[in-house]
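After the structure tokens below, expect a handful of questions from me.
Chain lettering (A, B, C, D, E and F) follows the sequence in which the chains are written, and residue indices restart at 1 in each chain.
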Amino acid sequence: MTAAVPAAFARPSGRAPDQLRPVRITRGFTKHAEGSVLIEFGETRVLCTASVEARVPGFLRGKGEGWVTAEYGMLPRSTNTRNDREAARGKQGGRTLEIQRLIGRSLRACVDRRALGERTVTLDCDVLQADGGTRTAAITGAYVALVDAMQWLRGRGEIKRDPIVGAVAAVSVGVYRGVPVLDLDYAEDSDCDTDMNVVMNDGGGFIELQGTAEGHAFRRDELNALTDLAEVGIAQLVAFQREALAL
Amino acid sequence: MTAAVPAAFARPSGRAPDQLRPVRITRGFTKHAEGSVLIEFGETRVLCTASVEARVPGFLRGKGEGWVTAEYGMLPRSTNTRNDREAARGKQGGRTLEIQRLIGRSLRACVDRRALGERTVTLDCDVLQADGGTRTAAITGAYVALVDAMQWLRGRGEIKRDPIVGAVAAVSVGVYRGVPVLDLDYAEDSDCDTDMNVVMNDGGGFIELQGTAEGHAFRRDELNALTDLAEVGIAQLVAFQREALAL
Amino acid sequence: MTAAVPAAFARPSGRAPDQLRPVRITRGFTKHAEGSVLIEFGETRVLCTASVEARVPGFLRGKGEGWVTAEYGMLPRSTNTRNDREAARGKQGGRTLEIQRLIGRSLRACVDRRALGERTVTLDCDVLQADGGTRTAAITGAYVALVDAMQWLRGRGEIKRDPIVGAVAAVSVGVYRGVPVLDLDYAEDSDCDTDMNVVMNDGGGFIELQGTAEGHAFRRDELNALTDLAEVGIAQLVAFQREALAL
Amino acid sequence: MTAAVPAAFARPSGRAPDQLRPVRITRGFTKHAEGSVLIEFGETRVLCTASVEARVPGFLRGKGEGWVTAEYGMLPRSTNTRNDREAARGKQGGRTLEIQRLIGRSLRACVDRRALGERTVTLDCDVLQADGGTRTAAITGAYVALVDAMQWLRGRGEIKRDPIVGAVAAVSVGVYRGVPVLDLDYAEDSDCDTDMNVVMNDGGGFIELQGTAEGHAFRRDELNALTDLAEVGIAQLVAFQREALAL
Amino acid sequence: MTAAVPAAFARPSGRAPDQLRPVRITRGFTKHAEGSVLIEFGETRVLCTASVEARVPGFLRGKGEGWVTAEYGMLPRSTNTRNDREAARGKQGGRTLEIQRLIGRSLRACVDRRALGERTVTLDCDVLQADGGTRTAAITGAYVALVDAMQWLRGRGEIKRDPIVGAVAAVSVGVYRGVPVLDLDYAEDSDCDTDMNVVMNDGGGFIELQGTAEGHAFRRDELNALTDLAEVGIAQLVAFQREALAL
Amino acid sequence: MTAAVPAAFARPSGRAPDQLRPVRITRGFTKHAEGSVLIEFGETRVLCTASVEARVPGFLRGKGEGWVTAEYGMLPRSTNTRNDREAARGKQGGRTLEIQRLIGRSLRACVDRRALGERTVTLDCDVLQADGGTRTAAITGAYVALVDAMQWLRGRGEIKRDPIVGAVAAVSVGVYRGVPVLDLDYAEDSDCDTDMNVVMNDGGGFIELQGTAEGHAFRRDELNALTDLAEVGIAQLVAFQREALAL
């Protein structure tokens, strides 16, 4: 990224503008799921499990294709002040539905659904602790859980070829106090002008791009700078995924 | 837009790649609302009403600021096959919630909420007939309904200065059979590789940008071409809004 | 009608006691539905669509009979002050359910369900603008949409004989300031003593009759005068339906 | 009633066409409610309780008026085959809402809400055993429970004058095998052409009248014959109410 | 029970510590259900019906076994102050679900589900009047209704051997003002230190035991004394059941 | 425990009948909550957070007392096969409500609500991994989270004296293959005759006791043996709590 950063600029965390938070990926975090990953982007911690079931939704029945879907939730006290439990309120809020639709679309982008066969993989992404970027951590971790579940299927001889086509990761970028920064934490997220979530594959292609002007509208050059930053971050996240899967 | 278009390329509607559908904006479509606009993007027709109420949500009470929110719905047979009525199913689906959150954020971006005072404006966007692009038509029409509602408030002497700061419009762009095109209709939308909804203001700033790879991931140059097209379309839509408001 | 009308009596609209509001019936108002009718009783405007689906409810499966059902809704700002959107509240109110049950029963009265075969026709009646009499307008308009849908079925050769047996129309009558009047608008409806909705067929038979004393209880002679008025109104509405269908 | 009855005609119960089923009204059936009445129309048994609370709905607050409302339910096995419990299904059905709205409107017609003061009376009508006519039994019994609750209020000196203005009772009438009959039981109700519920006061005025053609449409002379029958039945029911209240 | 009772001790009802309230069991209370019992524990009155249906839940389909389940409800004014109707609130509360799960488990303990065959028996326990102990009365009465339903099945030759294996009854015990007492009424229940519901069979075996310290924690010797009392009460209740079934 | 254990008896885990699973209590597991504890009973892992809010439910307002309540949830894939997410299904099941009511009652038993002042403590118990005994682990862990939250309040000087009066812990006991055993894991729980959950305080008093005969009814001597075992287990759990709090 080439834009000049003002001398006095500092991120709350002390990170450089193009620096990710420490990323940790723990496979096999719980024992029942076919894939189970705890992913940490700094203090944000999301448990991502992949569950395989031998059934597909009605619209796919008999077509020889599988399905990948996602559900997202925050534990009531994963946040600074307690949020109502959605199960107790009797419905999932708009933000929750929006995020789980995003996770589902993102992960379907790296799956050959014919190779999966008539199976459904459900990616449950539950936020244990939130500090900004829960949806991007969820996508990045769900990919690893998904790969583990596919390995489990292959290990049992249930599928012949690997349904995974490329890797998928996600990161947030934003304009904080005039400077484009990578991987916003909560302190930055709640005080920034523009916030963009970017989902990419390991070939550098865009899968999802959702930008929102929180304060003033953003300009074309800011869009470009943010997209540059996202590319830098995704490349590193894909490397972390590979490393975790190599263990 | 400078990308070369293959000779054999044709849009289902016969439009040029950078051509909007015919746009019609009818103010005062119904009589009760403070603002009531029927907007048509070709065969897509959305009724947008703005309702002013002298109350604000709990989190704004006593702060001297107003609120702008939106609700979106499709009549059950606005689409090719009948959809269940959300009121009968007992909940709004994820797509509906996602769209109405987008409309609300977009319109709040052009309102000075202090100038509005402790009032809520609800923008109801109901799709009478759908042919692709209902959310972008809704945003573009809701802006006109909102301006009319603000005029109504000023006409009654309830507010002193105009809360509207700039215009807001929205358009979809996408890659259809390899060619970036503007303002997708249903035939294109259901058969395209990439679909992006862009919300901008009349100063050329981006308010929202939501791109999704439906088939293969999109490249940076496609992102650029799509953004170029969106800028062209938005400029024309803002002109249509102005024209309608000048009547 | 023979009851003496006091010299000083005037309806808010200036109409004679036995005068309907201007009625307009627009067929083909939207393009997707098998039948689509905008009906206007003065300023009351209801969009009635008929959707044909090749399935029947569980209790009719395998019996060789079809089903006709209705759903009713008001756009949130079809009324003078905004009503909560039922989809957002998570349930349809008692008034809505009562009206859609009435519409369904009324239209089933003119359909030979054996001739329809194992199909369901759903009549969606959505109020775009309300000024009294929305349920009677809905029934009168839904009949026209239903006839169009049956023509569509016959045009495709799916059914052999016409399932429509006679016409159905509806009108409200009431006692306003002591005088029985036909087709109440909102100003009358909210200030009348007795309100009665009457559904009849074109043979002069009663299908539904629902009278409510809003103020004092009504007498037998008032019931008779109201029923007389309803017969007058229905005959005209049936003529309007015929005229619209002849186009 | 003067219409000729065919020689071979017989009601399933052996009753004459204008004969009510045996009516029993038991006051004080349960101990907690301010009014508690078990009403029996033959084998139909409805428990009607009147509960007085010192609060009114929001729209009446501070107006010095009271409110009367009703709720209706059927025990799951009050009917021949078990119905789902509405509490377990998570909502009240359309029929339930329609009936409880009818009961509420009917009973409000005999209450001076100013004399009641800022209190709400809730009439709970729960069907213990159903054999046709549950809504008319409910209205007739709820009136007695309401009177008892008003006596309770007067006995405590909470109100000065009696809020009850006249009596209210209800009965069903219908055309069974071509003959107008009074007070249909289930065997008749499920096999009749026209069914009408009539609510009247003790002055012979109509409060509600809801007629439905189940088979063929009904004619004006049938409407007249049914209305005659209803008048006969209501007069007897009002006498039974008086007798029960005199104990 | 051997614990010394203080001289000044008196129960609100004047009963001895180990004395049940008067128990009344009325079979055939309503006519439609296969078993229908009104049970009274003093002023607590619960209507228990047993409904037999020729279907089983999904998890039992094709296994040759039946199912026994229960639903519980309180009429809104069965209590001293009116409770919201659960059907109107749109959900059953936690207490209701807890009680109906308890009733279902208790009654399944006395049924040979193979002998029942692929049938479901639903035990609806509806409280007409509450004065403490509604769940124990419900279990005790539901047993009698269940036996009647099984007799009905055998009478029709649908089952060969009796699915009932032993009797089931329930009673509450508690520590009231320091003294263990049997069968608490509302006055005791709302003012006691420990409350325990005990379900036993006629062989003296425990089926369910649910004790709760309302005030201070209870000691092992209190647990023993309460269990002794429960055994005394259950033996009497089983005798009452037998007597009722012998009629 | 003195009952003779058959020679061939073995628990699936190889534990002695009166042996707990390894217990681990991790305080400060997440950072936002006033108390946050991960408790492990073998492979069962429950995250217990205590959230303090300066408000009380309506029925306590203005009384100078606080409230302690609990919510319970299982992550969808905490179990062997995936369970539906309760937030997505739109309601909490009966088992969930029953458990969270039990946790709430149990913890209220060790709190002086006057000392707490007008505050609510919500104990969220979310099961990350289930292997039997989730409710007993939840109660035991929630106690530690609650103590931490009270320390937090005292550290800020918001309360003067400690609201905690004694410790609370819980354990399950059951009869597995004829032998009473302590702290059942899933393999035992799904194959046992009797299952009892016991909540006690550190003074040896019983707070809750819930026993269920899964197979045959249990006898008085079994009840005694199980209660003995529970006392042994609770004493150890209280020691683990003390140890964890001493760190």
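FYI, a residue touches a chain if its C-beta (ideal position, glycine included) is under 8 Å from a C-beta of that chain, and two chains touch if they have at least 3 such contacts.
All values reported here derive from a predicted model rather than from experimental measurement.
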What's the farthest chain from chain F if centres are computed as the mean of the Cα atoms? C
Self-contact between copies chain D and chain E, residue sets same or different by half: same
Centre-to-centre on C-alpha atoms, which chain is most distant from chain E? B
Could you work out which pair in B-C, A-B or E-F copies the interface of A-F, where over half of the contact pairs coincide by residue number? B-C
How big is the gap, in whole Å, between where the Cα atoms of chain C centre and where those of chain D centre? 28
Report the inter-centroid distance (CA atoms only) between chain C and chain E in whole Å. 52
Would you mind listing the residues of chain D that make contact with two or more other chains? 90-91
Considering only which chains touch which, how would you classify the arrangement: line, ring, star, complete or other? ring
Ordered ring members, chain A first, chain B second: A, B, C, D, E, F
Seen from chain C, its contact residues with chain D in the complex are 91, 93-95, 97-98, 100-101, 105, 109, 196, 200-201, 203-213, 216-220, 223, 227
Interfacial residue positions of chain D with respect to chain E in the complex: 30-33, 36, 43, 45, 47, 49, 51, 53, 71, 73, 75-80, 82, 85-92, 96, 122, 124, 126, 128-130
